[in-house]
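One chain, chain A, links the two complexes that follow: it is found with chain B in the first and with chain C in the second.
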Partner chain A sequence: MNPLELTLGIMTAVGGFVDISELVFAAKAGSTFGYALISVFFIGTIGIIVFSEMSGRVAAIAKQPVFNLMRHRLGLSLGLLVLAGSVISNLITCAAEVGGVALILNYLTGAPYFLMAIVMTALMIISIWVLPFKWIERTYGLLGLVMLVFLAALVAIHPPWGQIARGFVPQIPAGLSTKELLTFGYFCVAILSAVLFPYEVYFYSSGGIEEGWGPKDMLTNRLTSIIGMGLGSTLAVAILANSAQLFGPANVDPEIPGTAALEAAIPFGHWGLILALAGMFFAVAGAAVETCMANAYGIAQFFGWKWGRHKKPWEAPRFTFAWIALFLLALLIVLTGVDVMMLVELAILFSILVLPLTYLPLLLLSGDRKYMGTNANGPLAKTLGWLYFFIITAAAIAALPLFTLTSGGNG
Partner chain B sequence: MTPDSMIKLVSELLDLPIIDSDGSYCGIVDDIEFEGTRELKLKALLVGPGAYAGRLPGWAMALVKWVAGDRITRVPMDKVRTIGTAVKLACPAREAGLDRSERAAERWIPSKGAL
Partner chain C sequence: MLRSPILLLLLLIAGCSKGPDADLQYIKQARSLGAEWALINEQAAKGQLTQTYVASMHQWLRQNLETTATSLTQPDSRYGLEIHALLAQPDDAPPAELRGHADVLKHIEDSLESA
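Entry: the complex of A and B
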């Protein structure tokens, strides 16, 4: 197996785990609750590995991406409702990523935020137009690996590894007031939502079809989902642990994405800061491309259009119109001047609400022996799949009340 | 064919993606047309926003009609090769009348600049 084949998983995971929402939520989780929320990242990571592997397997065997399945299994009316929810959630997420990229460039160069948003949207549109799918995933996936500087920073500050290890055990920190307990609950739901963002699975399964996966690629799919998502999760946990060690004791509340970059600046100085901002820039730009393409994949698949970036843009014209229009709409949202952090919070809320209906059809089809033959879900995939379906359904039910009661985790 | 299996057939066919003989997606089975009185037989697949009627609430259908029109394309069953996780056609999308929207959109996209 060519190691470059892992880049689909790396781009999916880096764009999914260390996008603008994780940069803020992981850092805030660490500074507010120490290492206690590592377990939620761990639980969410197993969930996203289970569903990614399932979606990749269905793409390889049944040759169907998630939205085709969704419409067939949920029917037209419910399917349209899920499509609308997903499009809104992905669009808000994409706008948050575009705003995030512009913000990071603003930190790096001092150039005006709105100008950077326009320039970056144009560059990202050009990159999708020019590069075939394989090169899109390799470019954004490999450049996103600069984020490893956060892992190096964690090692460099000699954290209490024992406490980090204990963070993997589910727990509720002792001595929290009712208000703090609710905030803790909101963080659990928000982290699960951010880790299991549906766009990751839309992008991953469509990517598998873009790459022409077949039955021979089962091992590639399994390794790509485990290594890719595992790497993304490790980076997110590193950001959380750095924050718990550096920001928590100093009562720093990392409310803006740029604060996370200081985690690398403290041990490595000037170059640490530059590398952290560069890594964040590539990861968030990758997430913007991922959310935009995932949205266009969903629309094209739901209505049966030609789709894919293994085709030239003019060979799938409606799909091309869709991703360009979605990027421009995301830019338009940013240009209204809405706060990036508000977009992040809304994206997380919308995502958790559509999660159960996204994963249910996938779960049903991947277990259907008529379509999947001997590659249908085994006992482990079936058990974990249903367990996670119930977890995300419970999280979806709790999301809105917790969001309202805690003002989006702000107490 | 028993009533049960007939219901199953329809539920399994509706909303399946359609792939033409060149391997390209070219629509979704939005509705099904039958022929016969005592023993129903599949006559054609109906594709296009006009075929959503009866499957969506009235207000939603009015919205679909306003956004996407109400065109329906009939694909006779003799143009269908296989039915599985997708409906595979025995002919290219053009021959089944399923490429009009793609061709209309194609005119607006410059065909250069991509690797």
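Entry: the complex of A and C
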């Protein structure tokens, strides 16, 4: 197997795990609750591996992307409702990523934020138009690996590895007040939502079809999900652990994305800072492309349009129009001057609400022997799939009350 | 069906509250922004950061602090005055001074949380 085939998983995961929301949430989680929330990342990571592997398998065997399934399994009305929820959630997320890219460029170059948002949207549109799908995933996936500087920074600051290891065990920190317990609960739900963002499986399964996956690609699918998501999760945990070590004791709860870059600047100086900002830039730009394309894939698949970047843009005109329009809409949201962090919080809230209905059709079809034959879910995939379905349903029910009671995790 | 009235009630409670309890989240934000500002100035003094990054972070921190200050329901309270004192600091204020304001806000925050 060519190692470059893993780039679909790497781009999906880097764009999913270390996007603008995780840069702030992981850092905030570490500074507020130390290493206690590492376990939620760990649990969420297994969940996203389970569902992305399932979606890749369904794409390879049944040749069905997620939104096709949704329409057939949920019916038109409920399917439309999920589509609407997903489109709103992905659009807000995409706007947050576009704003995030502009912010990071502002930290790097000092150029005006709104100008950077316009320039970067234009460049991202051109990159999707010009590059074949394989090169889109390779460019954003591989350049996003510069984020590994956060892992190097963690090693360099000599953290308490024993405490980090204990963070993988689910726990509630002792001595929390009721208010702090609610905030802890909100962080658990928000991290699960951010790790299991639905756009990751829309993009991943559609990417599998773009790449022409078939039954022979089962190993590629499995490795891509495990290595890609595992890597993304490792980076998010590194950001959390750095924050617990550097920001918590200094009373800093990172409020803006640029704070995370300090994690690499403190041990490595100028170059650490520049590498961290560059990694963040590529990861967040990858996430912007991923959310925009995931949205266009969803709409095109739901309405049965021709879709895919393996086609020339004019061979799938409605799909092409959709992703360009969605990018421009995201830019328009940013240009209203709305706070990027508010967009992040809204995106997380919206996506947790649509998560159960996104994953249910996938779970049903991947276990259906009529479509999947011998590649239907085995006992492990079935057990884990349903377990995670109940976890995300519980999280979806708790999300809105926790968001309200904790003012979006601000206590 | 049962969830909607409960959520409406929660939103009303959150929206109607006033005073130190309602301001607690802004006190926390201001404390964190002050501490972050101190950390940046400390690292900048050690030559660990680029000038562009420092200038940009100062601009965003100040902007967020201003938003926090205008969101307070009691701007003339002790914490309100402390946040305004923080805002009055120059961008390159000594880290110890900034940390001093952040510590006062932390103290107010802790006393409100334990009340």
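In the analysis below, the second predicted complex is superposed on the first by the 411 of 411 C-alpha atoms of A that agree within 3 Å, B and C clash if a C-alpha of one lies under 4 Å from a C-alpha of the other, contacts with A are read in each partner's own complex, and residues count from 1 in each chain.
Throughout what follows, contacts are C-beta pairs under 8 Å (C-beta built on N, C-alpha and C of every residue); 3 or more make two chains touch, one makes a residue touch a chain.
Because the structure is a prediction, the values reported are computed rather than measured.
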| item | value |
| --- | --- |
| Partner chain(s) touched by A:168 [first = chain B, second = chain C, both, neither] | neither |
| Partner chain in contact with A:68 - chain B first, chain C second, else both or neither | first |
| Partner chain(s) touched by A:114 [first = chain B, second = chain C, both, neither] | neither |
| Chain B versus chain C as contact partner of A:80, first or second or both or neither | first |
| Contacts of A:131 with chain B and chain C, given as first, second, both or neither | first |
| Chain B versus chain C as contact partner of A:305, first or second or both or neither | first |
| Chain B versus chain C as contact partner of A:317, first or second or both or neither | first |
| On chain A, positions contacted by chain B and by chain C | none |
| Chain B residues touching chain A - in the complex, by the definition given at the top | 14-18, 24-28, 30, 47, 52, 55-57, 60, 84-86, 101-102, 105-106, 108-111, 113-115 |
| In the complex, chain C residues that touch chain A | 6-7, 10-11, 14, 24-25, 28-29, 31-33, 35-36, 38-40, 43, 47-50, 52-53, 55-57, 60-61, 64, 67, 102-103, 106, 113-114 |
| Residue ranges of chain A touching chain C (in the complex, touch as defined) | 103, 106-110, 177, 179-180, 247, 250-256, 258-259, 261-262, 265-266, 269-270, 272-274, 277, 339, 400-401, 404-405, 407, 410-411 |
| Chain B partner contacts - residues on chain A that touch it in the complex | 62-64, 68, 71-72, 75-77, 79-80, 129-132, 135, 300-307, 312-314, 316-318, 320-321, 371 |
